[in-house]
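Each of the next two complexes has chain A plus one more chain, namely chain B in the first and chain C in the second.
Moving on to the complex of A and B:
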């Protein structure tokens, strides 16, 4: 059973990490609480469905088009609806809720309320310590690892990363140092949305594509970033795996209460917040800022 | 000055008569089709009704007192999947504004209860084609005068759904015993956490041991869960030979997909509403092969009406009909009752509807004294369907109570289940 819990926990945590890191990134840099983050993930899932299943494009091509298109949509949304009100955090939050709802309704209008699925890129499974792991899950885990690694390289080994971190630490000083903070925020938004899109195309073959598929991950992402410490990438990573493992543990240890896995995760978040109100890495993050 | 006045009065009377005449000429029977129209359930309500209305209208309409009146369908979008209270308002609006004469459809039990009350208050005949709760007809027994305008065509009520569910489980258990030599198969109960599933799970825990099988565990993922890999891994570890499913929501797709992809060595049987749909094969990328689910329709000769209706539905809609498409038979039953009664008067129609004995697509439809559709051999039985290489085949009833539907085939144990357990 331990092998089962380890492997399934890693898979769950990996997908959550991809979504939560993107969410955290844009919050850290531009103080944008982007509720529409998982709506971009939903759009990516629908686009891959459209390109590969409906239009018959090669899955890899469909994935590339979907990610590019969603990233483009994300940057347009930023320019048109977030940037003009960026200074008003609560307004941004409300606007992004509205954006997510608009996306949901558009999808409902175009595709209806049908539950759809995408074929896996790779079918079949391998046995790891007696646990059956599908190739698609394994692929997801590898891609998540590389995307997170790439994000780390961008943030810590490139000039763009320095600009992003500088803007996250102090927007005004970064501006005074000659950085175009608006452009940095837009690029960060692009990276964050791209991560959500990658999450969407990875999850689409594992899950159900439907107009409300953005809601559950949103709750989990919010829980993860609060648990890890708002805006802390490290915290989001830790939070994602903590909640991923919690969900898996619940399923294995209390099969009758499998439906409570989300509730257990949220309870862990509350317990952590009672002990450390700033979240796991909140203090470090505040010091960074 | 008298002459112009006479002319004016004459003109008004003539206009009035003309309008009255137009009104009489354009008189039609308005049937409200209630369902969540953005979703497959509502769409099937609508298409089912549309097929029946088109056919009846092509013959000139329904004969009422020597005159043929065409059917006009009114779409009632109940939005009940997203917001239950919307349903009652939508029905009330259809009665008061659109002046519908009859209502058919409904999907979610809690919404149908509310719609039923509104329809009964206005003494409108409401034929249910979606909600399975027994109490919807129980109300007819408790307060006949108020609820007599309610009838149910599809699906069979949930008590009988559970009965069929266990018959299907027993059938698979027998196959496992006969073909794999396992005399006491182990069963994993896999049911979404929803109110409708609770009585089935409780009954399963009670009945499975009596059926000579063993319950190895009970997994209750959330009805909105999107990944059940962990649950399936746990079922695999439990050594189950059969997974007894009770799933109505989107969960049915990732469940079947992962079950097939990971080749979980347990036959899957029970209720998986998503597996009743044509899109299931595409949605699971074919990995849902061998999943078995209870169904209302199947492409077999339940009655002479079944295959023509099934084929027409698939050709026009591109989907297999779900039980919501029972609106097709609801309209035909209503039309028969109207023609026999020769009136649209609800009370007289109730008497005619109670005498219904109609061969519809899901079987022979006869109403019980509580206005529920009768379940059993030679009535509506429901079906057991299994995905076999891209086709949804009817595998039950086969030699059940002397009934085998023409076109039904033998149930197949998934080959990886055979491979795993045959050796032992």
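Moving on to the complex of A and C:
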């Protein structure tokens, strides 16, 4: 029981972390609340289904293709539908909702509403102190860890990372310092979408793939990002694991917990917000005018 | 503005206040058209679409009152709708209260819900507020699912009394309420309170510095908006005769935002226009059931890419312009202002 909670909590937390960090990055850099973020995660899951099950490609190749393709789609969506109306923040929000709806409908049109499964990349399991841990779960954890590490390296050890963080801090000054803010925003969008795609690829073999699979993670990601403090990478990480474990605990310990898992996570978010209105790691900055 | 209800000089009022601006003329004829429509068309399906559009128009306009005017982004507007829907459904079913009692009581329940979430959430700003409010309907939905004895769980509460004996009466109740409440909300937006709402959106610190208790006004906005949304929720339950979890869904909250922003925020008539265009469009697209939502999404994206401030705002700015001196709106092709006779300048910006 405890071991199951631990493993499931880590996996949920890890996938949420991938999604939330990406969401946080794009919010920080471009001030976009990108509702379509988890739709990219859904598309990645469907693409890997297409490539591996329908077209019979090698799973590894399928994974690479789908991640690349989704990243491309993300950047195109940014260029075509978000960038032209960037000054109207609230309109951007609606457009991203509409984009998510469009993706969901396209997927429904092509694949129908059936629940699909994906074959695991690895089969078999390992015994760790008497607990069965399947290789697929282990692989997921390792990939999550490496992707998060890579993101940290990009953000804190490269010129691109400095540009991203500078743009997030102050867009205008970053522009004055000679950074191409628009390009930084687009690259950030690419990175964020890529992380969402990796999340989708990881989840595809572990759970069912269906056209509405983006809704629950979306609510969770929004809760995580607010819980941790908007735009804060550290906060998103902490929030993801807190809510990942909460969800798992509620599902395992409370009868009818599956209905309440969202409710509990959101209540935690609200309690944290009541105590610290700017989230766990958020900075209470002066009002932007 | 002259007093709205000057019955003695209706003709003069029409001439001076309504026919002077094309946008008001459109609104006037739109309302008149809705009122006389059932004389010519008796198709119950069409009436049903207009009834639902009117109900959702109240809902979307109440979102505008809170989020558009006051700038308190509410992503969980379905909370008000759902609370009122469930309250009036349960009151009607278990205690046998008639609709004219359950709907206002449901609206009051929504006001209480607005205060309950408003008081803790007022410390939050911008995106934080938006996402915190998003979570309340989801929490409530979890509770609804866990106590199916009272709420009916997934199936909802059914077997409620209809709004009125015939569809035509329901039609007139909904349409007249929509026009009346829309007018009330529009007047609120124009009143002194409305000006303070505007100011809170633009610069809350400055408003507080002018000695205005912004918290009280934000709570007022929450309760007003909750009241109107609650009315629409009660109407909806009694018309559809079922209160289910769909009244609390995230997609309903998003739907309200889409309608309002598509029509143009901070106008009240914008969201109403948005609903009256998008809701029938959605029904019309039923002839292509597979690509209905896809078309809907694409239309919203395309319109907003060309008119980022919304449809009505875009049209209004084409037909009218503001007098540079007294800030009264004028027909775009007039040379001088209709109030202060100042020369109208070139187009803004």
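Everything below uses one rule, namely that the second predicted complex is superposed on the first by the 274 of 289 C-alpha atoms of A that agree within 3 Å, B and C clash if a C-alpha of one lies under 4 Å from a C-alpha of the other, contacts with A are read in each partner's own complex, and residues count from 1 in each chain.
We take it that a contact is a pair of C-beta atoms (placed from the backbone, for glycine too) under 8 Å apart; a residue touches a chain by one contact, two chains touch by 3 or more.
On a predicted model such as this, the values are computed, not experimentally measured, just so you know.
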| item | value |
| --- | --- |
| Chain C versus chain B on the shared chain A, clash or fit after superposition | fit |
| Contacts of A:247 with chain B and chain C, given as first, second, both or neither | first |
| For chain A as apex, the angle formed with chain B and chain C - C-alpha centres, to the nearest 10 degrees | 70 |
| Contacts of A:4 with chain B and chain C, given as first, second, both or neither | first |
| Chain B versus chain C as contact partner of A:116, first or second or both or neither | first |
| First (chain B), second (chain C), both or neither touched by A:162 | neither |
| Partner chain in contact with A:256 - chain B first, chain C second, else both or neither | both |
| Partner chain(s) touched by A:136 [first = chain B, second = chain C, both, neither] | first |
| Which superposed partner A:269 touches (first chain B, second chain C, both, neither) | second |
| Contacts of A:125 with chain B and chain C, given as first, second, both or neither | first |
| Nearest Cα pair across chain B and chain C, whole Å | 6 |
| Contacts on chain A seen with chain B and repeated with chain C across the two complexes | 108, 256, 259, 262 |
| Touch list for chain A against partner chain B, complex | 1, 4, 8, 11-12, 53, 108, 112-120, 123-125, 131-132, 134, 136-137, 203, 205-208, 210, 212-213, 216, 247-248, 251-252, 255-259, 261-262 |
| Contact footprint of chain A on chain B as seen in their complex | 36, 38-40, 43, 81, 192-193, 217-227, 229-231, 233-234, 236-237, 249-254, 257-258, 261-264, 274, 279, 282-287 |
| Residues of chain A touching chain C in the complex | 27, 33, 81, 84-85, 87-88, 90-91, 93-95, 97-99, 101-102, 104-106, 108-109, 215, 219, 222-223, 225-226, 230, 256, 259-260, 262-264, 266-267, 269-270, 273-274, 277-279, 287, 289 |
| Partner chain A, residues of chain C touching it in the complex | 73, 120, 123-125, 127-128, 130-132, 134-136, 138-139, 141-143, 145-146, 203-205, 250, 254, 257-258, 261-262, 265, 290-291, 293-294, 296-298, 300-301, 304-305, 308-310 |
